[in-house]
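Labels run A, B, C and D following the written order; every chain starts at residue 1.
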């Protein structure tokens, strides 16, 4: 194991640790450690809600989840010699749930969760169809995940960090705040909102205190979206073995990481669609000096995925086009096309006995593939979603004999909005 | 070889054959043949433009391509016993370029083409960045494709039909015309248009003549977009070995097929991004009676992809978010995010010596994967595009040593808009 | 389609064609055609027994199969400029069953066969356990194979030529005859024999006649074994897309090919274990001058397999060690270890209802993997055989519930030795 | 992490631990712990030579390696309710090098070794060609291995236990001793020996002492070979995610495990061909009562490999036949055919600049595939070995331009036999 540079004690809150991470993006959050190019190191990661979600059969914690607290990030780690214009090369050497702890109250201690967030508290990809809160608990047995809330499936996790990135420069941060504010201003009362403003409430900013804390907290960007610095990209293929290249915007690069997922489908469609967990990640860093210019990578990560993802060889795929559920034609809207493809998959799975929310939760957590299949054939985009048939312990393929009916059990816990 | 039910003579126009296909969707286009459930049969397919694009070093044929003539479709094939509400099960047994003809003037005779359509004649996914017409010719050697217009790459084709589907009912057709017309009415003078209206000009409607022809031509839907009946889905994973299930909307189902592709990347981003060819396809059909209700498949194809796609194990991936090139924030727009990811890939490839249009054409034709990676993290969608590194005959990965420079050669032919 | 240089008329015997192939190896068999480096060409291939095995429910044709007639080979093809010491580079562009003929009396016309050869006529890998003759007929539907003689399985063919190679030099041929004769002399009356001597009976030697025929027929090597020139290697991974490099021993290289297989498991364990068929193969040839010395390839083919084999992701594996069935310990004998692994697989499959010979035939034909797992741990070799579970239409995995029982049907036809 | 039932302190010898394992097979070695069906547990494993091999640039430790001490095994673990006739179901949940220790003197602390054993001390697959001792040290960076002794390669480890199995019954043990003794008696002075007799010297037998120790030590079987109980099968595909089924021969089954490998090629050809390491393994056990009879598994493991092995898509393959290096024909000898294929691969790699022993060591350690390609075509077996081309950082494929020459560096340390 490489040297542990950011330890977390599972019995204590994220803000009550030896080193304090952060939950906002800002260039002035001080590094927790400095590493050399060529160095490997281990980082503990807390699950994104710092323990607010429990291993139980109620979705009230999802309904009331404190979004202002996310994401609990480990770092920043400064890299010696990194300067704006460089590319930071990060190898994901290994990652997993919390080592040596396979039971306990914290996600990552042998279990994880996935949730459908209600429309009033974040929402999700299909929030119009699923406005309430739902939760599913997943148990880990080695690489495998099963859920008492979604029977009939078992799959190998495609474990990855949902969020990693470098610190923005002051200029880049200002750009974010400007453009996201401009969008929000077009419909400021929308629920869910169009974007999230800086929010000092619940901000965690490492060792900053006093006036520095207040200034940074007022400016710092929320961590929900992916942006130029990487961030919350939620790319399920960021598995161990991945090499990723980030633009460097500040001296030292200031790399942060968190939001570990035991598994996730493309799109992470239920918002908290991945199986969330705390755990560890081992990283190796290096630099390509002036790489942003050399390779034309001024923004957004590029990466070489690892070569040990779970293998599947048979898929059942659903397609969707950019027509709304009530029949309106939209112009080449792949977001909508993917929603329709996912809704088709959900409708299909209900024919086998699943409750719709079970199917929705499954699509968020299982290693489904979401593809942009057609993006130019006016007026319809075509998106497709591929389910590996091997994750079901019954035959999920269509046949003349009709679908097998499973027992959905008590189903996924639901909490209606109060 | 199964019985050839729809032969095409390569020396004659699509409208001057033993059996006449169609290039519009309408329930009243008469079947060219009737097949039994359980029957296998071969269908010849003409390339979508019926020979208007030539194996030369000029893009003027792309610039002037007659969009009113597409897609040259083979069929419809009526299936005995098929009734509205059934699912039509189609197995793609085999497909390929025109057998026994490896040279000649028709795409599919040992070669194929891909084109960037100009803004004034169809446009494409990145038409703002690439408003002019470009073309690349690809030569086939067995399963492999190479292009004199894009040096340094060679790849195994992921051969598939771009377009297959059942006939719409009269009601469904009316719905299409209504909703697409309503969209078009919001900006009727837009170039490229928001959608394409029925167009009797160049309509091919099988054996219809006289008043029937005129009526149907005036109502029939264009074949460009994918719709509820399948249609121009351009799903690159529709390879041999695929089993696909279509809703049946008219008695007999009336299956049609065409637009064969030697290869294509997810999204077919240059509009005519796939490597277009004529050829043959062997199909086997069956029915699941009342399957639409039984399986909840009221619209859009579901499918089990074949298990012999070309294998790659190393990918270079690019990510993009839903911010426009001039910095405007859009709300969870995966279409835009994928555009940005593709533009990043193009920028990157130019560092190795490619002209931007070569890179763009390559992304349309090569077996790239386009993924919906994050669709819920407000306000940014995250889309990713994966390039198989093995298709390049040089090392395309980033390194401290900087990029290899290739000789781009004379490049892809370009025709500016007159 | 590349130019057809070696056509075969399915209605006529192999010896009654426009061009006559051969069924022995000898440097003096004249080429049927000369090709240029860089040239692509098509070759028709006759199934190895030239029609002696029929699509029926009797194994008498297997029992009486005329081994002196095999293999019906297409060629030789001389390559311009090829000289001893070069490497001949052969790309397998495409191959398949007889085009345009999906029914008829000749294997390759929509069907193929696999057989267990009796001990008295060739034998097989497990001839002590299976001394009699058995046959299974396989029907082709696109890429898929099924058999009325072995229910419950369907798989995608891994189509390949069982036999390809260059002509031996006179010196190399003499070496073969010497060493194989010396082995045979150690037990000349063994059944099956230790090796096969030259046999003028049924020899086919292209256009040779008279004294030349008699001389060559008396010297020419049989085609059963693989040797330095490639030959009957029966490597199932020689699929389309493969590039193979052969040593050149005579001017012109004199490449021959035949023995096409629709599918085969590693080892081709029932002797005629592959699904035999006639068909076509498209080849492209090139030269690496002096490549034998440059690359240290003085004998035996080296190759880069194609990248479109059928994909499977779940396997059930059996292991075996080098102890005989009656308990004798052998020293690091991987041949024996693989026999024991295969016998274990057969025993296992009988628990699901298969007759032992059905299981044996299946292991010969299906795309199983045979691995040399341990070859150094004295005194036991360990070999393993991997069955893809997806080829069974029932769950073939062990479980606490015990095995599903299938109906084996009438079983594989059997002919006892007269 | 599951409960650690067998801890090892890296600073102490294997015989000086809290719990003492064993290095012989015998039914009377007492279990170190008892587990329930359904239980998961962690086991620490010591590298097979208990620290006798060092991370240095000398092969003298390989030359003098104390073979009487191997394999240091963890266990036995008794399983509640297991009775002879049952199948013991073992899931490999996870495994890896020694956690939290990435440097130190013990293999598994961030490094591992592979060695060519000299003819006088064990020998190896190609001991006639490589009679001396060689060693290579491999460094681990996450999942990746590199060696200062073999430049130009880097690969993802296919991590697995080389040895796992259940205890033999007294009768089975007697059978082993009888048959292996009978073989040894045919050539008792052979070097290397034909088999290894029981050897009380260096025997480790758990908590046994006194007369019990002496009796068991005199009878207990050596752990080198794989046998009916599983044992040293050295199957590289025993990765995490594998489910393996062992026959149960004694009450409690008495499962033992050890000999962890960071990576290995099929065959483990250099004897100590795998990259040896200490580490941990997490297991889950269950029972199929009376499974031996139900499934026909009276001996040797059957298994379902995990679905996360490293993926490669391009291979360079070499073939060999059963003719000795000096030209003698052997009858269907796949052991010999694989030797010849491996020698061909070694010859080939030397053309790129490698020393022969570097190539040999590489084939032992890298994830090569060894296949039984033809086992019935008298008189020649055909075996093939597949090298993944992606593990080389140069183009290892043949081409008209000839091979790239690498700098082999100082090479692999060699110790001649004294």
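Points worth noting:
As a convention for this text, contacts are C-beta pairs under 8 Å (C-beta built on N, C-alpha and C of every residue); 3 or more make two chains touch, one makes a residue touch a chain.
Quantities reported herein were computed from a predicted structural model and do not represent experimental measurements.
The set of chains in contact with chain A as well as chain D comprises B, C. Centre-to-centre separation of chain A and chain B, using mean CA positions: 32 Å. Distance between chain centres (mean CA atoms), chain A to chain C: 51 Å.
Work out the mean CA point of chain B and of chain C, and you get 39 Å between them. Chain contacts: chain C has residues 307, 311-314 touching two or more partner chains. Interchain contacts join each chain to each other chain, per the touch definition above. For chain A in complex with chain D, the touching residues are 1-2, 40, 91-94, 99-102, 141-144, 156, 240-241, 282, 284, 306-312. Within the complex formed with chain B, the residues of chain D that make contact are 311-314, 390. Interface residues of chain D facing chain C in the complex, by the touch rule stated above, are 87, 89, 123-125, 175, 179-180, 182-183, 192-196, 224-228, 232-237, 245, 266-271, 273, 286-289, 291, 294-297, 299-305, 307, 313-321, 323, 327-335, 338, 340-341, 344, 347-348, 350-351, 369-384, 386, 389, 397-400, 402-403.
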